[in-house]
Structures are given as structure tokens and as C-alpha cells.
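Just below is one structure, and these are the notes that go with it.
Letters A, B, C and D mark the chains in the order given here, with residues in each chain numbered from 1 onward.
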Amino acid sequence: MHPDSTETLVNQRLADKVFETERNAVLNTWPTGADVNFREGVRYQLDLPVEKQFSAVMKAADDAGRTLLQPRAGVALLQEQIALLTDLQPYCDVLPTTIDAYTRHNRYDKCANGIARSREAGRSLMNGFPAVNHGLQGCRELVEALDKPVQVRHGTPDARLLAEITLAAGFTSYEGGGISYNIPYAKSVKLRDSIRHWQYCDRLVGRYEEEGVRINREPFGPLTGTLVPPFVSHCVMILEGLLALEQGVKCITLGYGQGGNLVQDIAAIRSLRELGEEYFSAAGYSGYQLSTVFHQWMGGFPDEESSAYGVICLGAAAASLAGATKVIVKTPHEASGVPTMAANRDGLRATRQMINMLGEQQKPAGDDVALETDMIKREVRAVLSRVFALGEGNIAEGTIRAFESGVMDIPFAPARANAGVLMPVRDDNGALRVLDKGNSPLPDDVLAFHRDRIAERAASEGREPSFQMVIDDVNAISNSRLIGRPL
Amino acid sequence: MHPDSTETLVNQRLADKVFETERNAVLNTWPTGADVNFREGVRYQLDLPVEKQFSAVMKAADDAGRTLLQPRAGVALLQEQIALLTDLQPYCDVLPTTIDAYTRHNRYDKCANGIARSREAGRSLMNGFPAVNHGLQGCRELVEALDKPVQVRHGTPDARLLAEITLAAGFTSYEGGGISYNIPYAKSVKLRDSIRHWQYCDRLVGRYEEEGVRINREPFGPLTGTLVPPFVSHCVMILEGLLALEQGVKCITLGYGQGGNLVQDIAAIRSLRELGEEYFSAAGYSGYQLSTVFHQWMGGFPDEESSAYGVICLGAAAASLAGATKVIVKTPHEASGVPTMAANRDGLRATRQMINMLGEQQKPAGDDVALETDMIKREVRAVLSRVFALGEGNIAEGTIRAFESGVMDIPFAPARANAGVLMPVRDDNGALRVLDKGNSPLPDDVLAFHRDRIAERAASEGREPSFQMVIDDVNAISNSRLIGRPL
Amino acid sequence: MKSMSNKHEYKVVLGVIGSDCHAVGNKILASVLGQAGIDVINLGVMVSQDEFIDAAIETGADAILVSSIYGHGEIDCHGLRGRCFERGLDDVLLYVGGNLVIGKSDFQDIETLFLKMGFDRVCSPRVDLHDLVKWLKDDIIEQRFAREPLTKSA
Amino acid sequence: MKSMSNKHEYKVVLGVIGSDCHAVGNKILASVLGQAGIDVINLGVMVSQDEFIDAAIETGADAILVSSIYGHGEIDCHGLRGRCFERGLDDVLLYVGGNLVIGKSDFQDIETLFLKMGFDRVCSPRVDLHDLVKWLKDDIIEQRFAREPLTKSA
């Protein structure tokens, strides 16, 4: 079933024959794969009412300048999952199904055990919904019980079987990508393999598109969720967007995880959309539908629920002021564990209040936002032009080589394929800057800008920037601060 | 005890003899007045450590550009009040003691009954702390049990006895004013009387000042808390500031209640401070200490606690981005009833998280903020110059005549002295505009600006502006919106 | 003396009891009830028990609508029904609404408390004002029936 | 074979168990323990029970520090102590920490659960890392005493 992991990857639409052969193998990796029939899946999708279609709902929001709300939610058992999403549905605009961590590593055997033990325990012992194990019928039962579009949210390097089952079952959006669902989520999966597997997923979505079914695709913007400078994730977003477009995907939502500095966060969402348009059209793609998603703070949360509301609401404010098409909502239980329905609903309600109150107000348009937007664009262009050069025009290979050489480098990522040298730190305003650029090819004047900003902070704290400063920043929001100042 | 309520009011320092005679009468209005001895009160105040002095703590915050947190809190019984404030103390920077509504109307007899019934019931049946009834010793016991400065927060048209007792007891800040504690809080108290009574309170503070004790004075900015356009409350703030300065007050905190539109709220705090400096120095005062306080949304709250957090956090954000010296914090119980300690603490924690995360970030400085700041200043100058003209240089009489003629007019106020014709409404961005100017002397081009903004909204809602639109705005935040759009 | 034929005539006294200054809800209630064709004698804020009763007697109102927002409702409303009887106001409807007690409480408990105190309806701040209008008109009609019943067969 | 004289030598195996990818806490733990003079064999994320045990046997570590952040801790840690015995690792210290179970739970319950499973210390995500260093060193010393006691009179 695995494509040969040493063969050169090309960024080209997978040939039908290759795809068909691979599909047979994929569907055979777990018994529930046998139920999938593409034609029948297309018919099922075509019958979904428009209000259950992710792409249509995203388009309407984007046209109206609205920001949609989406929670994360996944439990082990089907009936529990139906109950959970049914309860959350009134408080959000689009629904998730978050997949458990065993499925993410294709350990369907462990899932079977987890499901069994959850049944015994009478409560979910798993951190998500094992969709592959529940199979086509289980997933359809879920989709049919709900009134809003449902997306698969996971973190799976090889998500081919999961895609086949959930898309045939009526899910209308699929999160992830060959980089964003590998580097932050896996340890020893080759980038070559995960990119190739995601070409399959994208091609599957492309095939649905060709049959008139528009599936929304969302590369995972936040990566490790921990002090990721905007340009780092933006590069990943654009590469995954290009890889997806090539396979025939037509509806893409680019993501970004809140950094915490309002100006930088607004600039991040603006630059993300503009860079997306810039690179996608420069690569010759057109007729695609583009939108953005803003993730409320993805790093460590404060323990106290009331403090967590502060973090949630700042994220809601930033999403709204930035004009993101969608916001992914955290809960007051974030620091502790998978949230209950009530905690999830509470996060949504606080976010709704904030978005409703801010949504119709003027969007900030000061010089500081313009400066940060420009800075992010220059950083992204510098890195991506190196990636293109490394791949000699082949962005799939270029990406692999960029990670090998540290040209692309994601802070705090567990993957061996990642250099892990680039080190971010906050500046004196809390914006994310690069303390150690590792091997990323940022222009000298941009680096000087980062250095100066960090120096300002170092001066106001009376200490040298160091890894301790970075650790302090990692812990700061949990300790009810943004910047990890010494006490 | 009442100064003759028909005699002309002058804005002049009360003569010592007048003050002394009046004091004797005031202290005689309730038995606990007998315990007050000014000299001894001064000595007590002089012995307070600096960290219990409101003015010092405000100054330090203002110098450092920090925003201090303050809750509201008051219960019927002394030991309960001590316990409440002791518990809240770790979560805030400065403490309140909110006075009950009987005391606010000098109904100390009713307080006695309320205290007795609360003792029986074993829980507070009163909406605040009846400080006069608890007397000097009770109040001192409270002040001594705490480590932070304590302010009297109330809503009392005749707050002379309350001031005598609480200031002698070591409270170091006193909220209110002759306009702001009459028009929103009373029905038939003459403005002439309340202004005169507050001249007494201000003179008392001035006397402490002359003895080396700096008491902080805070006119009550939010007024009715309900859709009050910034210029309306700013005029009251500046007049009360001038009246206080004349009596020898040297430490003034001007207030403003959140309107909901971020740009307008930021502009409101900026213009408030700038206008304060402008008018106070133009009137020849100097050497005073000025700061600002931002009140989180003072109108109707949503019922759901999680939604209330959204409102609280937007207020926290606005306070911080506006650079207010202090923020008064609401609680998730706001819509329901006097909050428990836990609810109060939760509001503080959410606010703290937000303020800590935003406090060190860049302050917005876009053109939109500049435009609103300018607009508010022009509105205030137009109204105040009419007030000065009406008073022929005497702002006390000017104020009374301005209310009589509707030149000053506070929306939704219960006082008969208030015209109640001026009607605010939100524009299409949620900023507060004037729908019916009543008799307020706003310049034509300013009025045209308001009209145009309201017309934008009317167009986007496809209905004419009307009182129904105003009612919809009054209810909007409770219904999780900012603007009361038709559904 | 009101007659049954004149059934569109509804008259109520409205006000905020005690030392309570909350005026916003009062202004909105007055406007909504007025628009619904109810004749409102609005006493505004800070109304004593006797002021309510005086106005009701003077105008022959069908109902007294008491607001208490500031938390002293339990104390301020104490004995109002008894006082009505004392003053000879035997069959006036008594409604009460707002934030009736101190603190966040279960509304059921509050309702029980105030029903016991002799109120006919107890409303939370979340009450739908359309419902209120309907209840009020129904209750007034029913009250009149009780007072001057038509022939039983009707 | 470790000797008592060499009492500053502390050696621990560190890793995140199961299919768990949460790497941030692991990197911070490794850095803090290292700076505290503890020799850390860091296996990173996604470590199986046997990989922990292999590393402990290979390096003669005093303790195994297991993280579980993603919620499957209850399943993934099941039987670890037994497996240590099976593999002849009789007296290794077992620490576990992180977000050990699914959902927000009372930490006491979690502690009880994992102590029963044979762990020596169970830590919440809020654990102070200075405390951790202290406990770890004390426990290691004590463990060595238990294994090779000095003369009782010492």
C-alpha cells in the first residue's frame, strides 16, 4: 500500500491508474474500508442539502464578512459523539469531528481496544472519535443526525483511509496536509511519505470536485501551537495549498494560530490571504475558493477557567478584528483535559458574544498593521523562493530538502525530519520574533528588525535573551501573562 | 442642616465658618456621626502605609502606564464585608466598598432594619455596605483588615455624613459628584442641593489635602450606564472636576463607561484626559493629579455567565488599549444579582488575563481613533461653552440652568431635573450617536456627522431610526449583540 | 366603575418600588405596554407602597405592576398585599418583576417567595414582554369575570 | 554498578508514552533536569513501554519519567510496572506526569489511580519543576539506601 518512499516526489496530479491501484490497497488496510464505494459516496454527497456543505457555508460567510465559529469535539463512541455534536450545534456555525490519536497513527487495533474499554467504563477513554473503526455507516449516522456541515479534524500523517471513509460518509471538509500533519504530530514519519499520502487525500478531494462535489480542504495552520512565528506557518500553508490545488482541490481554507500580539495577529491573517492569492495565481491556478481560519491560542492555557476565558476572548477579538472567515474555539477546560459539552458550549458562547460585539466594527488599519503585514510577506517570500530553488521548480522535493537543510524549521516539533534549531521569542510588545534563525534564509534587514525588537525586550528586562527566556514565554500565558518576564 | 435650596450657588471654596456650622448639623443627623473628629481622622490617615493610599497607588500605575483592577463589592454585615474584601484582595489592585441603596438615600433607619433582617436571615439582604450605620469603628475595622487602598463607591446625592465617617475611618478615595450622583440615582433631589452637598464633600477632601492627606476623588462617569454618548458624560466629568478643584481637591480620576465600539471607547478615554487637562489648566488650576477610570459595560448584561465573560473581556481589552489608569470590573453574575465572592473573583481573573496579555502591546493610533477623539472634543467644547455662558461664568449655576434647559441631558435618567429628550442610538459600527439632540447645542456639522452615521445603519437595516431602534439597542448586549438589529 | 362591554380598556399602575433608581426597564415597560393598548399610569422610580395604592385607587386601575431591580425587593414588597386590603383595594392584580432578591438565585424559589407574599404573577428579568401583555390582558378579563360574572351559561 | 560514594550521579530515562506527540513539555523537562545536574536519556515523544524499559536497562537509570499529555495515559501506562518486573527491572523509580486521563478530573483521583498502577510519584501539569528535581534526587538517594544500606549507626 505504501508508495515507494525513496522515489522522487513530483508535484503533479496523481495518474488515475496509480490512484486506483493505491486505493484498492488503502481500502484493504482495515475491514471497514470495504464499505467505501466512490460513486455511491458522490451520490450521497450530491444529495446533501446546501446547509450541510462546508464550502457553501464558508463562501456565504466570506462574502458577508462574517466569522464562523467552530469547536473541536470527539469522543470514543458513536452515540456519545452524536449527542455531543447535537448539543453543540446551536452554539456554533460549523461542526467538527476530532479524531483520536490512535487513528492518527493508523493503530485501528488500539482503537478497537479503546472503544471496548470506553464501553466498559461507560465514558470515553479516548481523545477523539475513531471514525475508521466506526466505519461508513457509523459516520453517516453521525452526519445525518446533524444540521450543519461536519469537518474531519485530526493530525494524521497517513490519512488516506480516514479520508475515503469520512468523505464517502458525507463529511464535507478535511483538515490537514503532508507537512502540517506530520512535523507537529509525528516522530519518524518521512516527509516524503506524508506529502505523498496527502497528495492522495487531495486527489480524492479533486475527484469529488470533478464530480460536482466541493469538499473544503484546510491545511493545519497552528503547527505545534507554541510561539510559531507567522511566516513559519504561512510557508507551510502556501506549500500545502499549492500541493492541494495541483491535485484538483478547489476550496481551501488557510490557517493561522493566534500568536497573542493583536497587531501581529491581524497582520498574519491579512498577509496569509494575500500571499495565498499571490502564490496560487502566480502558479497558474484560478477558479479556487479561498478563505482563512484563525485558531484561538494553541499553546499552554491557564488552569483557572475564568483566566482561560480571557485567553479565549482575546483570540475571539483577534479573529474578528483580523476578519478571519472562521475561528476555532478553545474551552475553559483547555489546560486540564478533553472538554465536556458544557465547557465547549461555554467557550463558544463567550466567543460568540465577543464576535457579535466586534464583528460589525471598523477593522484596524493602522501603520503598525501595515508594517507587520509587510514584514511577514517579505519573510515568507524569502523562505519560499529558497524552497522553490531547492526543489528546482518541484515544490514537493523542495519542501523535503528545505526541512532537511533547516531552511524550513518548526519550533518545538517532535519530528526527526525537523531541524529544531530555529528558536522564537517574544519582543517587548509580545510579538513573535526569531531569536535563533537556524538555517532559515531571512533577509539581513529583516533579521536586524527581529534582533532590535528582541534587544528592546532584553533591555527592559535587564537580561540577555536565552533559552530560559523562551521557556518563560512558553509558560507565560499559563501564568496569566503574554510575555515571560522574570518576576 | 440643609443649606437654603433657593440661594444662588457659587463655585467658590466654602468658607470655614459655613463649613464648620454645616458639619455640626451633618454629624448630628445620625448617632454614629458623633464619633467623627477631624483632627483625629487626619492623624489616622497620616499613619496609613503608602500601599493603602489610593492616590499613591494610582500615581504609580499612571506613571508606569499600567491599568489597575477594581471590583465592586458590598454586603450588609461588617464581618461579611471583611471576609469578602479579604478574599477579593489577591485578585485586584484597589478595593471598593459599595454602599447600599438605603444609605444612598440617607435612610439610616431602613438600614438598621436591613442589617437586623440580614442578621436573622444569615445572609445579606442589602445591596451594599451601610457604612454610616456601621460607624467609624466598624469602618476602621474594615480598613485595618485589608492591605490595599479602599474606596467608597455609592450613588448618594447627599453624601456628607458618609464622607465624614468613611474618610475619618481611613478610606482613601471617594466616588461621586453633585451631578453624577443625582441625575442617574435620584428622582426629586434638586440639582442645586446635590451640587451644594458635594461642594461640602469636596471641601472636606480639600481640608484633608491641606493637612497633608491626599484623598482621591472620582466623579462617576457611566451615569445611567445605558447608551450614554461620550460627550454627555465627559461634560459631567469636567464640571465635577472643576467643582472639586475649587474646593481644594488635588487628586481626580475622571470616569467613562464602556460604550462598546472599540474605536470610540479608546477615543473617549484619550479625549477625557486631554479635555480634563485643557479645562482644568484653563481655569487656572495646577498641581493636581489626574487619572482615568474605564468602567466595563454598565448597561444590561447577558444572562449566561459565559456570554457575560465576552462582555467583561471586551471591556478589559478596551480599557487596556485605551490606556485607562483603572478598570472597574463586572462579574458573570451581573444580569442576575449582587455577585458572590467567587463570581467577583472570576470577573477579576478574566480581566487580569486580558489586561496582562494586552497591557504591554502597542496602543492603537489609527486615523479612526483620531477622528473620534476630535469629534468628542468638539462636542464637549460646544456644550461646555454654552454651560459657561448660561452661568455667566458661574459653573454651578450654569450646570443647573443647563439641565433645566436641556443643554445637558442624560439618556434614561430618572431625575425630574433631567429633560430626558436627548436620545442616543448606535450607528452601523456600533458607535453611539445622537438620534434626537434634544436641546444640546452640538454644532451643525457634528450633527450632520451623527445623522449620516445613523442613516448608514438605517439603510443597512431597511428601517427608519426610531425609539424602537433605541429599545433594540438597550437590549442588544443582553441578547449577545452590540447593535440592536431587527432579527 | 368599569363595565364588561368596555373590554379593551386596560388600566395599570407601573413603578419601581422603594429606594430603587433603575429607570431603564421602567421606561421600556411603559412604552411597550402603552403600544399594546394598555393605559399606563407610570409613577417612575422610587415609589412607596402607599403611592402605588393611592394611584390605583385614584385611577381605578386593574393592576399594579411593581418593579424591583436593585435587590431590596424582598424587604420593600413585604406587606404590600396586606396594605392593599387595609386601604380597601380588594381585587387589584399585583404583578412584580425584576431582580427581586439579592444575589443570583433560582427563579423558582423567588417565585414561590413572592407568590406567598400575595403577588399574582412574579416575573424574572428575562420575561418576554409579549407574554406579559397577554397575561395581563387575560388576567384582567378573568378578574372582571370573577367580579361581575356573566350568566354562567354564556 | 552504581556506588554510594558517587551520589551526585542521577540518571533518568524521559519520554512521552504511547502515540502521544506533545513535545513541548518534554523539551522543557529535559532542559530543566539537565540543568539541575541530572543525566537525562530523552527518548522524546511516542515511546512504547518496552522502549522505556530497554533504555533503563541499557543505561542503568535510577528512574523512568513517563509523560502522558494527550489523554490515553490510563490505557498506555497500564501494566508498565508489571512489565518492568518481567524484564528484570526490579527497583527502578517510576514517575508519571501530564494530563493523564481524558477530561478535567480531580487530581486526587488520578493520583490514586496511578499509584495503584505502581507509579512512585504522580504529577499534575501544574507541578513545580524545582519540587520535581528535589523529589527525584531524594527518592533516588533513598532508593539506593534501601538497596545498599550503610551501617545503621551512620
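Just so we're on the same page, contacts are C-beta pairs under 8 Å (C-beta built on N, C-alpha and C of every residue); 3 or more make two chains touch, one makes a residue touch a chain.
Computed from a prediction, not measured in an experiment: that's the story for all the values here.
Of all chains, the one whose CA centroid is most distant from that of subunit A is C.
Remark: subunit A and subunit D have CA centroids separated by 33 Å (rounded to whole angstrom). Separation between the centroids of subunit A and subunit C, computed from CA atoms only, is 56 Å.
Looking at subunit D, no residue sits in touch with two or more other chains.
Contact between chains, using the touch rule, shows up for A-B, A-D, B-C.
If you check the complex, the residues on subunit B that touch subunit A are 260-263, 302, 304-314, 316-317, 345-354, 356-358, 360-362, 364-368, 428-430, 477, 480-483.
Those residues of subunit C whose C-beta lies close enough to touch subunit B in the complex are 18-24, 26-28, 31-32, 44-46, 70-72, 74-75, 99, 101-105, 125-126.
Residues of subunit A that touch subunit D in their complex: 101-102, 104-105, 107, 110, 113-114, 117, 123-127, 155, 184-188, 224, 226, 299-300, 303, 333, 335-340, 343, 412-414, 467, 471, 474.
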